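Letters are used for the chains, namely A, B, C, D, E and F, taken in the order the chains are written, and counting of residues starts over at 1 for each.
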Amino acid sequence: METTKGCYIGELRADQTVTLLAAIKQKDLRTKQSGEPYVSFVLCDKTGEIDAVKWDMTEAETAGVGEVWKFRGQIGTYKNKLQLKIERLRQATDEEIDRADFVSCSAYSPDEMLASLREIIGKVKDESIRSLLNLLIAENEPQLLAAPAAQKIHHCFAAGLLEQMLSMARVAERLCEHYGRLNRDLMIAGVVLHDFGKLEELEMDLHISYTVPGQMVGHIGLGLVILERYATKVGMDSWTKSMLQHLIVSHHGTYEFGALKLPMTPEAIALHYIDEMDARLEQTFRIIDSTPDEEEFTPWVSTLGRVLYRGRRP
Amino acid sequence: METTKGCYIGELRADQTVTLLAAIKQKDLRTKQSGEPYVSFVLCDKTGEIDAVKWDMTEAETAGVGEVWKFRGQIGTYKNKLQLKIERLRQATDEEIDRADFVSCSAYSPDEMLASLREIIGKVKDESIRSLLNLLIAENEPQLLAAPAAQKIHHCFAAGLLEQMLSMARVAERLCEHYGRLNRDLMIAGVVLHDFGKLEELEMDLHISYTVPGQMVGHIGLGLVILERYATKVGMDSWTKSMLQHLIVSHHGTYEFGALKLPMTPEAIALHYIDEMDARLEQTFRIIDSTPDEEEFTPWVSTLGRVLYRGRRP
Amino acid sequence: METTKGCYIGELRADQTVTLLAAIKQKDLRTKQSGEPYVSFVLCDKTGEIDAVKWDMTEAETAGVGEVWKFRGQIGTYKNKLQLKIERLRQATDEEIDRADFVSCSAYSPDEMLASLREIIGKVKDESIRSLLNLLIAENEPQLLAAPAAQKIHHCFAAGLLEQMLSMARVAERLCEHYGRLNRDLMIAGVVLHDFGKLEELEMDLHISYTVPGQMVGHIGLGLVILERYATKVGMDSWTKSMLQHLIVSHHGTYEFGALKLPMTPEAIALHYIDEMDARLEQTFRIIDSTPDEEEFTPWVSTLGRVLYRGRRP
Amino acid sequence: METTKGCYIGELRADQTVTLLAAIKQKDLRTKQSGEPYVSFVLCDKTGEIDAVKWDMTEAETAGVGEVWKFRGQIGTYKNKLQLKIERLRQATDEEIDRADFVSCSAYSPDEMLASLREIIGKVKDESIRSLLNLLIAENEPQLLAAPAAQKIHHCFAAGLLEQMLSMARVAERLCEHYGRLNRDLMIAGVVLHDFGKLEELEMDLHISYTVPGQMVGHIGLGLVILERYATKVGMDSWTKSMLQHLIVSHHGTYEFGALKLPMTPEAIALHYIDEMDARLEQTFRIIDSTPDEEEFTPWVSTLGRVLYRGRRP
Amino acid sequence: METTKGCYIGELRADQTVTLLAAIKQKDLRTKQSGEPYVSFVLCDKTGEIDAVKWDMTEAETAGVGEVWKFRGQIGTYKNKLQLKIERLRQATDEEIDRADFVSCSAYSPDEMLASLREIIGKVKDESIRSLLNLLIAENEPQLLAAPAAQKIHHCFAAGLLEQMLSMARVAERLCEHYGRLNRDLMIAGVVLHDFGKLEELEMDLHISYTVPGQMVGHIGLGLVILERYATKVGMDSWTKSMLQHLIVSHHGTYEFGALKLPMTPEAIALHYIDEMDARLEQTFRIIDSTPDEEEFTPWVSTLGRVLYRGRRP
Amino acid sequence: METTKGCYIGELRADQTVTLLAAIKQKDLRTKQSGEPYVSFVLCDKTGEIDAVKWDMTEAETAGVGEVWKFRGQIGTYKNKLQLKIERLRQATDEEIDRADFVSCSAYSPDEMLASLREIIGKVKDESIRSLLNLLIAENEPQLLAAPAAQKIHHCFAAGLLEQMLSMARVAERLCEHYGRLNRDLMIAGVVLHDFGKLEELEMDLHISYTVPGQMVGHIGLGLVILERYATKVGMDSWTKSMLQHLIVSHHGTYEFGALKLPMTPEAIALHYIDEMDARLEQTFRIIDSTPDEEEFTPWVSTLGRVLYRGRRP
């Protein structure tokens, strides 16, 4: 019996005849020189994307961006890239669709990551901080298991936010061992709270986009509001709350990158560097991995303002 | 019968013998070449400040910065400035002190300003916005009647925040008449809310200083938290709240000046300019007024990066 | 009888056969795969633009960019946009062309706007300023009735400069009522003079472009030179002239945006903000209006460095 | 017979008794610990400045800053610097004062420099440019023989403007020989015109200060207005005038340093670099010369953001 | 007998049938609407580039970017540009290829330029500097005769580095005559050394690219290392070496443009301006020359952030 | 028997009579109102500094800045600070001086730190890197045991460079455990090499100052030259050398902070953050420790552009 998904886009090769479910990322009506219309698509699943073309309008008219359809056709090449010449298509039914097929996800198990994070939180000594973090995680578990950490630049996949939190928490623990004067409770709280507003800033369906509050208020402002809500619930004293608020508003490090305050405590300073370093390294390794082996340098990375060296890794 | 305050520092002239209450702004122990210690003071009341000196330590030892004392002595001059040679001093009793004597205040009646602001708020059509603004004002009335708008640069006196709010509200009303598409409700809400966090950012005793949350979170972050509290109380819908949050986080206009978001609605854009213009004009007129008539230009204003033209006002 | 213009581009719908006059904005020679050449056009009138194609060279060879021609053909669609398939074309005669059909214009009557501006100038008390402004307007009336305020960003249409002058003059009047210390004469003079150099900086035919002096000197420098000419004519004293020169050279507010001096008088400060705010609001409303109703945000506005919120306007 | 000036400040040594004319640069009233007032002065002539003190008020009361007085007293030292203990003083009469004693001047003869500049201008081929430059120089000769090029940073002495013009004209001639495509006429015109507005921007009495138009319009704006006046007088065509205007408005090179336009012609580009280089080298050599021989580095030069190497000049 | 190269791309005209050797700059596989593949090329030689198309895959499959092939076909036009319709093609043999045909080169003879530079170096008085420069040139002669000065912006052609060195050396000599205090030895050394690292930073085959050390260390760092090597060879004293190192590390003038130190000696200051001016003028004249005569302005030059005036050169 | 040093400045209290060796940091000649000269000193040892005064010139005349003298006198107070009233003084003999008394030093044993660093280097797997690091340390051991890491901002004490190297090496080891893809050999090499040029950039006698090469070339340039020397000695291949050079030239992270290249490898990125974070935390803790306990915030830290929170550390 044929499985529902058919096959994954990342595995397609030229000259195959295939049947598969794919999400429609883009759809353009075009006209042939003969004057007849045809449809050009970009299709995607969690393994990648492919151009597709339907040389007549039959069945294609009602296909909408963001929907999952079932396609049948031949894989050819156009401009050095694979292209699906669609012969038949129809919208997929809800039962046929497994959302997990269409969303790229962290390489680690979200459940295990959450368990590890909980364990780290469990060692927080300050009772009100520990309660707040535990409650925060408990009440936002489903979102946390799914949310990305950014739209495009780093950890931009399901559970990316959780993956970055956990990685940063582990780095914070190591640094607290080395720099004995750093307060571990504040460091762990900072790691969990600093980007928590992203749960309300970004939404992820078949791709990651900004919510209206995300666009107009941003994750730092939303994070402050979330903290306020939970600080009230656990009865946190105002001094501790100020310290946590400071970690949220200062973690971007400089005003031009969106910090409301420059980091003014050792913990805020360390949090800023851990955040930057972890995001930058995740991004760097991902870009290096997606550059062909034979290239010495990656393509220009506009968010970094440079190319990266990808060659012979020692 | 002599009044308690005695006389005001702004009215002192050389060669007087005076008795007055004054706040101690600064106190330094110094040593004469003879090796004996003496005390140098800066004294102030709401009309200005004066240097003072006590040539021996008698009675001066326990005087603390921030306290109000009663001084008796002669006015001389030193380095072209008036100087009080203190003969006797003692701490003032609570009954002798009228705090209003030591704090400079808006030239307008705080009560009348508040009444005018209430009237303007009364015309807000959106019920949840009007309720929120009214409640905000009702529950923070005493603070609002006293708070300054800034530590140093503009409206840095008691009720300065209220004075700027009212001035901006009046400008906003005039602009709404001219630019008919601006939403008056949002404009008025923006005027009242954008700097409301300053109530928790600054504190004013004998001079204006930052609170710990003010230093570490800032009035934009504190304003978001205050809005959250009142939005919950009046049951404001989340779309309207987002619009108001946006006015708070964007009113500084650019990231490097502390905006979390650039203004993205016509009202946020207009609010930013009204805020800037009102603060800049208040500052400009105040600096011009404090420059001697015979000067063509004011001294260098470092917060503006320029001198101002003070000469012949046409 | 058929009117000369035929129909407006903004009203075209697919599957019509049309005859219309249109200006040629762009013309490209292309080659079909068969090796035969064809011509691709962008046509425009004041209501918008449309792609057009002529599948052979007949009659199309001599068509030049900037000319108005008469086109006959069918409206189809290509890449989701309307496209005119040209069947016949010929150059329009001078009698057929009404230039007003091809240039977008202020929504307000230029004559009425000029009358309103004259009325406002009439209330200027300083005689030499009033004479200078009146003379300036009298001797540049035709240009003023036609000139745009900018090439691309705001008020980029015929009489746009006048529209912005009048809008700013009205705002200036309202602010002078509120800020009683602002000198109304200088404010009105600043409003009229600050961008007057644009009459020599920009030229508008079928589209707006920079003149050679506009590119190489700019409207601030050209404005100074114009002021010099008129100040001599009306015998203005040098102090008043300096005040007016200052309004021109400082109105961009900061050096990096082209100010020669930072605003140093209350009037120069107010003028800068009025100018900024009016331009920004005109631009904002125009971009919002040109964004489809169903979109929550406008496309990226590169001159503002942000998207604008277009959604549910309250 | 004693000369009028007496001696120069630059030649004073400790333990002399001297009588000299000096200009009063600063005057402060101070009070001794005994309560009696005394006067502290800074005196100057073209060779330097010296602190002075008059231990009682006799004769000193009416001395005003900017006046030249005759002083008699003893040279001592205070805080490692020479100090004149004034015994007697009286205001100098007009006949006693030779202004040249109080103003530092170019090391070159102003008359000879002007003659050289005229010769260079004489070789300009374009008749209207040559006429304009000649007329400009003829009608502003006295000012040009006296004006400094800047208030503080470079060529800040009488005839400094002329000295820099001539130096730049000679460099321009050499570069025109090397870069054969540079237009010599435009280069010479640019050299003469680019800073001509400084004649109206700065005024020099006993020290250099800004005029009101200088502060509020600046030498670029004033230069445009001067050019306009002379271009009318010599009937220059508008294209040539635009080229000259461009040289004036672009010579600062970048917007943040006050250029209205970036240099867009080879001549404007070269003019910018010649101007920068000449000013920087004059400043550098002057600072190096005023640093003691035994120092390897000069003190911090805040206008350059660095120290300069002064050591062993090879 | 047919010459090897055939003809140059810069001389091609429409409707010719041609046979020529050309280097392959770009190669793309495309698919016709019929589904059949074809190949699109960009071909180049030192005189320019041309698009080319081969409508089937015969013979084209193995053609690689960077190789020189022999092409035969017809010149047509496509999108207003010439296009070669390839009929036959085969790889060129080594004997057929004259590399000089494919690389654009300085307009001056490299050998003569080198001789001139040697003569200038010969006049350096300091023996260790003269030895170092002579040795440097002697041991790097072949590279110097070929190397470009930059990848894209200025002097981007074979012997471009040498051309800029010589031009700068001549300007330096003229300036040393004018500014008599500049040390000629240091100036000439700075001219030769400041960009010497480019020999290891860039490599030039059929186009100019960065080497791995060029990308990761840059010509300033590489230049320091080269200087170290030669300073050891000629036994230069450490003080002189420091002066030369300073010229290398400071010649970019400001930190944001890659200087390690701001120029701190008169020679370093002059070197910076000579370098900037020479590069900017070469770029300017080259862009002006490549703009059609009828255009008043050049296209936007992104590396300069402006258009250039190309019109009527006086 | 009295020890040579006498007592330490950090332990002095008012009203003591003391005899001690101290270094002269500053010396000023002043004049009493009576006209008689006296001498004002700033004295220091490794525990701090103190003002001192000698009311006549006896014995004080020849005392020079940078020398160690023996002082006897009384501790009083002046302007709230301790002051030594010198009764007798004479220059100390070489035998009396223990340089270690006058230079502040790392809190850790330099020898133990060096041993720890050697152990970490011993685990480097790449033979040429390990040899180079070992040789570098072996041949620069005395300097390394003494050198500071910076003149003012962080680790500005003897062995400060070594302290920072070791701290960074330990952080690097922990991060290599967490980020498994980071190459440990390159990380350790980067930690040791990135600031090695500081051995030649700074010199430390009684205070830290820049050498001439330090001022004019800087530690990045000097570090490249040192690496070149040692790479030649151990015969390192050019690829590995490029990787190490990149770590040196990129570790400042951005051009404006003196990087020649932006970090382009994961190791260079991590090195930059480790360096920044370690320096910032050392500085932060040191400033916090030197702020009085009762202060909530530290004074303004100009190198950080902020105050730090010093209050209640949780």
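Quick note on the criterion: a contact is a pair of C-beta atoms (placed from the backbone, for glycine too) under 8 Å apart; a residue touches a chain by one contact, two chains touch by 3 or more.
These figures come from a predicted structure and were not determined experimentally.
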> Can you list every chain in contact with both subunit B and subunit E?
Replying inline: A, C, D, F
> Turning subunit A onto subunit F with a C-alpha fit: angle in degrees, nearest 5?
Replying inline: 180
>> Counting C-beta pairs in contact, which chain pair has more, A-B or A-E?
In response: A-B
> Whole-Å distance, subunit A centre to subunit C centre, using C-alpha means?
Replying inline: 43
>> Which positions in subunit D are in touch with at least two other chains?
In response: 33, 212, 215-216, 239, 243, 246, 264, 297, 307, 309
>> For a test of understanding, state which residues of subunit A touch subunit C in their complex under the given definition.
In response: 28-31, 33, 35, 37, 212, 215-216
> Given the complex with subunit A, which residues does subunit F contribute to the contact?
Replying inline: 126, 167, 170-171, 174-175, 177-179, 181-183, 185-186, 239-240, 243, 246, 262, 264-266, 269-270, 273, 276-277, 280-281, 284-285, 288, 297, 304-309, 312-314
>> Quick check: in the complex, which residue numbers of subunit D touch subunit F?
In response: 32-33, 76-80, 83, 85, 296-297, 307, 309, 311
> Which residues of subunit C touch subunit D in their complex?
Replying inline: 212-213, 215-218, 220-221, 224-225, 228-229, 238-239, 242-243, 245-246, 249, 255-258, 260-261, 264
